[in-house]
Every structure is written in C-alpha cells, then in structure tokens.
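Please read the structure below before turning to the comments.
Chain lettering (A, B and C) follows the sequence in which the chains are written, and residue indices restart at 1 in each chain.
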Amino acid sequence: MKEENGEKGHQPTRAFAERRKKMGFKKIVFALPLAALLSLPVVTRAEEPDPAAQQGKIDSLDDRVLAVESDVSGLKKVKISGYVQARYEASENSKDQYKVDANKSVSSYLNKDYFYIRRGRVKVTWEPTSLTTFLIQIDAAKNTITLKDAEGSINFPIANKYSVGLKMGQFKWPFSYDVNRSSSDREMPERALSTQNLMPGERDRGVQFQATYKGLVDFRTGLFSGSGIQNSTFPVIPPTSKPTWVSRLALDFGWVSLAGSSFVGPAGFTLPADANSTNKILRRDRNRFGADAQFYYELPYLGGGRLMAEMISGKDFSQSLKSGNGGYAKSLGFQATLVQNFLDKEQFAFRYDFWDPDTGVDYNRVVTYGLALIHNFDGSAKLTLAYEIPKNEVKAPAKDPVDNKTTIQFQYKF
Amino acid sequence: MKRGERITNSILEGGLKLSALLAIFLIFLIFIFIFKEALPIFTNPGVRSEVDLRDLFASSVWQPVSDHPRFSLLPLFLGTLKLSLIAILFATPLALGAAIFTAEFAPRALKETIKPGIEILAGIPSVVMGAFALLTLASVLQGIFGWTMRLNAVNAGIALGLAIVPTIYSVADDALRAVPGSFREAAYALGSRRNQAIFRVIIPVALPGIFAGFMLGLGRAIGETMIVLLASGNAAILSLDPALSTRSFSATIAAELGEVVFGSTHYAVLFFIGALLFVITFIINLIANLVVERFKVRLAGVA
Amino acid sequence: MKKYWLLIPIFTLVTAGAALAGKAITIKGSDTMVILNQRWAENYMNNHPGAVVQVTGGGSGVGISALINGTTEICASSRTMKDSEQKKLRERWNILGVGIPVAKDGVTLFLNASNPVSELSLEQLKNIYTRKVKNWRELGGPEAPILLYGRESSSGTYVFFKDTVLLGADFAPETQTMPGTAAIVNAVSKDPNGIGYGGVAYASGVKHLKIRKTAGAAAYDPIQENVKSGVYPLSRDLFFYLRKTPSGDTKKFIDWILSPAGQEIVTKVGYFPVK
C-alpha cells in the first residue's frame, strides 16, 4: 500500500498507464498461486479422506510396520499360538465321595468345587521351507511344564492334488476323531469316557506316514511305542520290543465325513519277582478299533450344525481281573454329539456318552448326558457352560451316586 | 474519522488480512503435506530397500504394480518434457500472434470478438479437450503424418497447447497494452512506420511480460492432467521420439493414486512426483514473477 | 443340592437377547470387489432407509479369515474357498460356507473392425502383451505392428488380466494405458493395428476377439451365455460367502443384489451380471 502510494506520488502524470499496468500485474499475482494449485489438482485430492485422523494413523503405522518388516520376514516362518482354559467346576455330591475306576481303585475325588487352569498350551511352529514343519507344544497348566507335542514333518505335494509326508517325534495317535480334535475346538469340557480310558493322553512317540488326496482322502499310518504319554512308565519304553501299529483312513465329502481307525500292538506287564529273583515279562495282545462319522447340516435362520458319532472297542489284558496268566477285558464306548450354532455367537451341544469298561461284567456301565452352551465373544475368546449327568449302572439296592457336574470355562486362544 | 467508522475499518482490514494469510497458510499446508508423504523415500528403510534415489533417476522402467516393482522417473520426466515442449511450441506463436493482432492491429469491433473468443477457449474443461484429442485430433494427425501410434506426444501436446493458448494470450496481451503510449508516439516522432514501431519498439519493451506469459503457460502445461491422461496413450516409453506414446508425471499421479495402498513405496513415489511437480512449477512461476517485476521496473525507469 | 444348572436358562436368555439385537450388515474381502460392494451398499441404503451396510477391503484371504473369526457377516471373494479354509470354517461354524455368485469378472479383448484376426489363445495373448510377438503377421494378420492398449494399474481388470493371461508377468512398457474401457474401445476403433482389453461385454465399433484356452481348444465369444456358462476362458465368478443361508436383513440385501436393480450396478461398475 505504502509503496504504491509512494509511486503514485512520485509520478502522478502516469496514473492511467500505471493503473493499466498494475491490473496486469495483479492478474499475474493472483494467477501465481492459482496456477500452482491448478497444476496439482490430483495431489491435493489425496487430502480428501479426513486428513487429520488418517494422517496420524498412517504415520504411526507406517513407521512401525516398515521398520519391523525386515525383521518379520525372517520371523514369519515361526508361529506361536496357544490357548488357556480357566475353569470352575462344581459337583452335586457330598464332600466325601470319590470315584472308583474299572480297576476298583480311587481314580478321582468328586468334590470338585474349585477353580483351576485346565490347559495352558503354547505351541511353536516353525516352517523353514514350504515342505517342512517343526512343532513343539507344551502345557503349563500344572506347576510342572509337560511336553505335549514335539514333531518334525515333511510333506511333498504331487500335482496339486496328492501329497505324501512323513512325521516323527511325539504327537497324537492317528486314531479316532475325538482324540485328534483339539480341545480348544471341542464343545464339551472333556473327551468322552471311552477316549479318556482307551487313549489316555492321546499322544505317543513314533513315526507316521501320511497320504492325502485333495481334501477328500486322508490316510495315516504309523508305528508308536504304544504306552502313551500318560503311562507311568513313559517315556521309558514299556517292556515290549514290538511297536504298536496305528492307522486311520478318513474320507471327507464336506457335508459328511467318515473314518475308520485301528490300533494294534502288544502291551507288556512285569510280573512280581519269582524265586530266582528274576522279573518275568508278560506280553499280551492289545487292540482298539474305531469308527466315526460327522454329518453337517444347516437349519434355516439359526445356522450350521453337526452330528458326530464315534464308536471304539478295546481289548486289554488285565492282571487285576485274573492273577497270573490273566484274562482279557473287552471294552466298548459310544458317543454321539449334536452341535447347533445359534446365530453368530452362540452354540449349543448335547452329548450322549456310553462307556462299558468290560462287556463281560455287569453293573459297570456309565452313560453320561452332557449339555453345553457356548458363547463366542469373537474368534479367540469363548465361554462354555456345561452340565453333565453321569448315570452309573448299579445293582439294586445301591443307587446311582449324586455326581452331576457343572463346569464354567473361559477359553482364550491366540 | 468517526469512532464507529474506524472500528468498521479495522475489522474489515483484519478480516482481509486474515483471509490473505489463510490462503498462504493453506498453500503452505498442502506443500507440507505433499513433502511429508514423499519423505519415506529418503528416511524410511523399508521404502528405501525397494527404491532409492538411484533407482528413481538412473534406471529406465516405470512398472509400479509388479512382482518386482520398478520406479524409474526417467521415462515420465522425458514424457513431461516432450509434452510441454510440444505444447509450448504450438501455443506460443498462436497466442503471441493473436495478442499482437488484438493489441495493435485489430479494429475495435474485431478485438471485442477475438478476445472473448480466446477466453472461452480457457473455459473449455480439460476433459472435453482431452476427449476431443482422443477421438478426433488423433485420427486427423495420424491421417496426415501416418504415425504407427495413434495416441502420442504430438497429439497430446497440441491439445495441451490449445489449453494454454488463453493463458499466454491474456498475459501477453496485457503486457503489450501496458506499454505506455509515449513509446509509440516517440517512435512515430522518429519517423518509424507502424510495423517498425510495433516490432522494433513495442514488442521488445513488452518482451519480459510476454516471456512471463510463456512461463505461466509452461507451468500449466507441466501440471495439466486430464488432457494428457486421455490423449497421450500413457505408455512409459523411454524415448525422445514425439511420435511415440508418452506418460507424464501428472497423468501418472492421476491414474495411480486412486487405488494405491496407503504408505506403500508406490504411494511415497507418487507423492515424490507430486513434490517434484510442485518444485518445478514453483520455480517456473518464480521466474515469471521476477521477470514481470523487472519489466515493471524497466517501464517505470525508462519513463 | 447345588442348583448350578439354573445358570443354563439364565445364560441362554442373556446371550439370545444379545444375539437378536439388530445390527449392520458387514462385507469384507476382495479388493477387486470393493468398489462394487460400495456401490451396492450405497444404492441399497438409499433405497432402504434404516439399513446399514459396511464395506471393507483387504483381499479375499483376509475376508475369509474374517468370516471364520466371525468378524464379518459376508465375505466378498474373487476366488472359491480352499479346502483348508473350508475345514477351518466348518470346525467352528459346522458349515462349509454358503457361496453365492453375485457377479462375474471378465475381460473382453477388442480389435479394430478391419483386423482379419478373430481368435487367439491365452498363450498368444500373453506373448502379445509381453512383446514377444510384435507383428500381426505372426498371428495370421497383415504385416503391421501390434499396438497395445490396456487399463491403468489401479483397475481390477488390470490385475485380473495380469493374473490370468500374463500369469503374473509384467505388461510391456509399450502398453498404452487408458483411463477407462470406453477410452480403450474408442482408441481401438480408430486404430487398425490396436488391441485392447476391458471389462464390458459389448461395445460398438470394435471387434470382439474369440478366446481359446489352449492352442487346440475351441474358441469362445465373450457373449453373456459363454461367460455365464464359464466356457469363455477369461471370466471368473465373484462370490459372497456366508456362514449360513442368508435370512432376515441379509437375505433382503442379497436378494436385492441379485435383482435386476442390483445387477444393473454390476454392469455399471464394469463386471458381468450373474442373472
């Protein structure tokens, strides 16, 4: 303003020409930023989606993600996962009752009104190449840490349809659907009695061959020590030099899957020392056969559901049944579970569980009815409320003991 | 001055000052924003591992969406250069001729027709201009010159030239008219004919103003997007041949920014191009501004 | 006697009540479909006051994991689910996923009407767009250079073509990129040696190339019947995956998508309708 006034004052005679010239100049002055703006129409457009909020987010993410990216590419092959189950159990029985197992010894006390950590699993998976996988799973629910799985496997895909592979280490027996299904997926708090009794611990050490065809056929067969990780002698090899042969063939058609399993091998028993102070070892046949089927359906409005059924038979030698040369107990288990999803978060499950530890003996069968309601908070957290009613077959005038059980379990999976 | 009047005055002045500052502030913000988005190219190790400055200027392929993305700015830079050069070569004689004619030769009635006519040209949306080049101009040019590539630098350059004619014209026209009448009178007094007065006196005096118009036109040609996007074929070929399809900086941003992943290398490179464009147009406009300033001083000084 | 079992009806009532409360329809998945989903959502919400449809991208794989985790109701996917994904879904939801084809993605190749070439195989197309073949003579046409037209890298068609025809290879730098299928059609209609691809089934002024899957196979026109039946090699289904057969608001939304009004948007966005 001042400058202009000064100029005007200095050359008053040029006012007209000056003004014309100035107009031109002003135009240019306005045109300058305008041209700069016009020349960047697209760049400015990028500002549109709420710059302030977007900017902050992008900046922090950008820095963090990109800085970590190079490290991550190396660590990508290592995956850590796991789950924790915290549980409250309440039994409807008098405090001094306890449960007696097939061998007539106290197996567990029934007055379980308490909180505990059922499972605290951590699994580390390392996939150094697309063909090989190493896996270690530990359980830290008790005061001691126990090794659950430790395996190395190699898989060769053939023409996108077939694959063959080999696995070694400690892992689940390829037997039964119930055994191989992760406890984090199961609706009921525990596996069926038949599985618990015939396949204790679910795992063993061995080597396994696997062949698959698309998603349709899955065949696994392997040789295992046979004792299982819950055996008191584990991991010491039981007094049998022969391994147990376990196989499972599963066909999966999507809406229905069928499978048969076998478990054949000897079990060894050490007899009390004889006069010569030598321990005699008995080697006796042991086998299990199983068949299972899962059928999936959908109810309108509510969502998917499944009916799964499984049957296992077992043949075990029992020293306690008959002393010395002994006899065999033939056991039979059957379970059927109906799971129905209820909209997005809820699931409802009902299980019928039949278990006969020795078909040759009366009054030892147990039928357990179980009901479970599951609320899934999201993909990783769920709350289970289960009520189980065991019906023990007893000889009159004895009564079925009061042993119904309520379980509340919170599970977090990562 | 009454008190109320004074208050009104100061409010008015304050408001105007505020809006002026705000405009500058906003431009500054945009400037900051663009440069900040482009910064990862220099600072971010993740981005730098995919592209560093050597890749940007030394290699020859622009292939941002690929298993092995390559971000060479060279073909784009060459394309931008080719396009704006052709545009300016086409537009300057046209605009200058028109400006000289309307400022000096045209009878009043004709002047009143030509000037608004050219200004209407400025009002044509660049999309329309681009579509015209894509559909019609390209075929005409191919018919005349027989090029293999129908959409090429010349086609887009001419369309671009048409778009910047009004810019150059109006600034040049203003510059010519701003030459004081005394110059003309002096020339006539010295015995020069009309043509001599115009070409020896008036145009040389107005030349800096004309040059400023030329620079502004160049600035617009470099930044223009839609015409180039439609009419140039957008193939990033590293060649000086004007008969080949060409990809420019601005068209690259327009075409790719819409779907680019936020924060990716590609995103940073696009903003780097934006910053580059900003700097280039800024320098060009600065030169134009300085030249005009000098022109003003010169006119005042001579008088 | 402890009455813990009383918890069961309480639990049921509480959770069922929460589940029945109304909520927005969420769609997550394929980046190819994100624009299409957005248009559907906008139009549907305009015509159905009160409806809320939320759309996010991220890719088909991300959408399927979200479906399994229960964080989205609808997963938009430009591919079918893998066996392993289906089994994961089944473990939690007891269903293999309800897949509903909602649109078809396809690429049509355009030639100038004067070009004598009328059929090409996918392999030949790959060679053309990677500049292994540079002259129409090599494909049974006239002695003339091949001029390539394509879409910008930001378009879904670009990605589809790169994936299915070029099998991941890069386009030749000589490919002239156009901002839309219409611009490509225009350019090719004016350019006797041009070849271009785009997303719309029919365009006037150009010739539609018949495509052969392999050198010996039959060639198919990109007409709607061929795209629908799947014999035209350059087409794929775009799916919505759900965890159950749609009901209620979701069913209304999907029914609308499959209605003429919804399928009209498919055509507008540049895909083929399924109905």
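Simple rule for what comes next: contacts are C-beta pairs under 8 Å (C-beta built on N, C-alpha and C of every residue); 3 or more make two chains touch, one makes a residue touch a chain.
Small disclaimer: the values here were computed from a predicted structure and weren't measured.
Distance from chain B peaks, on a Cα-centroid basis, for A.
Interface comparison, B-C versus A-C: the higher number of contacting C-beta pairs is recorded for A-C.
A summary of chain positions shows that the Cα centroid lying nearest the centre of all protein Cα atoms is that of chain C. For the pair chain A and chain B, the distance between C-alpha centroids works out to 64 Å. Centroids built from CA atoms put chain C at 40 Å from chain B.
Centre to centre, using the average C-alpha position, chain A and chain C are separated by 34 Å. Each of residues 254, 257 in chain B touches at least two other chains.
Residue ranges on chain C touching chain B, taken from their complex, read 145, 147-148, 152-155, 158-159, 162, 168, 170-171, 173-179, 183, 186-187, 190-191, 193-194.
In the complex of the two chains, the chain A residues touching chain C come out as 90, 92, 113, 185, 214-215, 252, 254-255, 296-298, 300-306, 339-346, 371, 373, 375-376, 378-380, 385, 387, 404, 406, 408. Chain B meets chain C in the complex at residues 61-67, 75, 134-135, 138-139, 142, 148-151, 229-230, 233-238, 245, 247, 254-260. Residues of chain C that touch chain A in their complex: 1-2, 4-5, 7-8, 11-12, 15-16, 18-20, 68-71, 73, 83-84, 86-87, 90-96, 98, 243-245, 247-248.
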